[in-house]
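Order as written gives the chain letters A, B, C and D; numbering starts at 1 within each chain.
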Amino acid sequence: MSAQIENRIRDSFARQSMMQTLGATLADIAKGKVEITAPILDGSRQQQGVAHAGLTFAIGDSAAGYSALTLIPEGMEVMTTEMKINLLAPGAGDHLVARGRVIKPGRRLMVVQSDIFAVTDGAERHIAMMVGTMIPVDL
Amino acid sequence: MSAQIENRIRDSFARQSMMQTLGATLADIAKGKVEITAPILDGSRQQQGVAHAGLTFAIGDSAAGYSALTLIPEGMEVMTTEMKINLLAPGAGDHLVARGRVIKPGRRLMVVQSDIFAVTDGAERHIAMMVGTMIPVDL
Amino acid sequence: MSAQIENRIRDSFARQSMMQTLGATLADIAKGKVEITAPILDGSRQQQGVAHAGLTFAIGDSAAGYSALTLIPEGMEVMTTEMKINLLAPGAGDHLVARGRVIKPGRRLMVVQSDIFAVTDGAERHIAMMVGTMIPVDL
Amino acid sequence: MSAQIENRIRDSFARQSMMQTLGATLADIAKGKVEITAPILDGSRQQQGVAHAGLTFAIGDSAAGYSALTLIPEGMEVMTTEMKINLLAPGAGDHLVARGRVIKPGRRLMVVQSDIFAVTDGAERHIAMMVGTMIPVDL
């Protein structure tokens, strides 16, 4: 990973105010792979007290998008065109971690995957799987 | 709509702290149809300043889930098992409105749809379409 | 519908040998909407004797794709980039009909929907709903 | 894998007439994993001469379903409730192979994945990825 690409992603992440609202952090950036963590804040819950699917989706989508951005030429962005989430288990734990990666890079479209885990005392439970499509666009 | 079902949904919505974080409001409840509105808060944006897909997803998912809940026996809840979102246009406008409805009710699974619109000066633009599956569970 | 566009779609359909294998027929073509019908042949079934999801998917995907093609400039094709199917009821009946339509046209991507019905003695039952993305490509 | 489970899957596969129409073969069965291969028959093509997405979907869906069936109690079946396919590359080659596996087993629902490859002179190209949900039902 060039420092240039990492800076580009950190700058973009810092402009995503939703990530700050959710308390999310860019944990790791590598070529084609990005990890985002987030606490399950008091304000991020559904009616039963576990993580709202909106939290899971938001960090999973961002992790997937930034994994695509690591492979995109300077001066371009990516946008989500579609994303499906399969929820595997309730989002209960100390915090969530979303690991995004590129399944299929492409000039016109990029297929990406995100796996989201709930972490309790260091043990990870796979709570959601997302597969979607990112489209490169000019900034 | 019985007052009982409407109360059940308003109670559940009030317990979804994520909805409060996003400033979302239960706008309308009918048999098999629920509408949720949300402003595009300063804290709900992506890097280009428009609504984060996490906001769009969160209110769309909740509207779809509550539309299913209007058709479910007392003493049961619904949970999202899977949901796909196709993003049609940027989430720019005064606020968003998500209209959820039941496509196919079922005892074991319910297929639901949500359409999300960005509203500017009263004019609606279709920004996202979601189709997913809700599963009834005991409370 | 210009005769030119209709001919383009009929020519393309005739080259889809899978449609012939499944006994499918182009039933109706309008601007942004295409209907395909298919019998449930002895060779198109799953283990319980009803229509295989592969049949439902194949005609639904083709109907959606051709609905996009009605809106595309001459000299271009469309390809499916992603498609989700929600199965609503078993594919039992005299034949199937798939109605594809464009939800969101676009220069770079087109979001499409297909609804598939099983027809028994003229009565339609909604058996599947598909939403996906078509990408225009040069021929 | 018990011989009983393997027989159950081979019996079910033999009753899927669509698999015979497509020339598909059950290549491999293991606990939670099933592989199906199929030639790209003259009758299984789209308008450009490569594999129709209906073929790719049909064998991917069946491989995923049977991977779930390896984990299901005797006397039950599985049915697809929803399935999304992301197409990664054209289906051109000597034949296709679909590898289905269970991502998340469950008593009420099973999340499954299928990856489909086009094989040319022994070299595999990843042409599609599918993620979906199977529901166990009584026979």
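One rule holds in what follows: a contact is a pair of C-beta atoms (placed from the backbone, for glycine too) under 8 Å apart; a residue touches a chain by one contact, two chains touch by 3 or more.
Because the structure is predicted, anything quoted here is derived from the model rather than measured.
Comparing the CA-atom centres of all chains against that of subunit C, the greatest distance is found for A. A count of contacting C-beta pairs for B-D and for A-D identifies A-D as the more extensively joined pair.
Inter-chain centre distance (subunit B to subunit D, centres taken as mean C-alpha positions): 33 Å. Centre-to-centre, using mean CA coordinates, subunit C is 21 Å away from subunit D.
Rounded to whole angstrom units, the spacing between the C-alpha centres of subunit A and subunit D is 29.
In subunit B, the residues that touch at least two other chains are 81-82, 84, 86, 133.
Within the complex, the subunit D residues that touch subunit A are 84, 86, 88-89, 103-104, 111, 126, 129, 131, 133.
Chain contact summary for the complex, subunit D toward subunit C: residues 12-13, 15-18, 20-22, 41-49, 52-55, 57-59, 61-62, 77, 79-87. Subunit C meets subunit A in the complex at residues 81-82, 84, 108-109, 133, 135.
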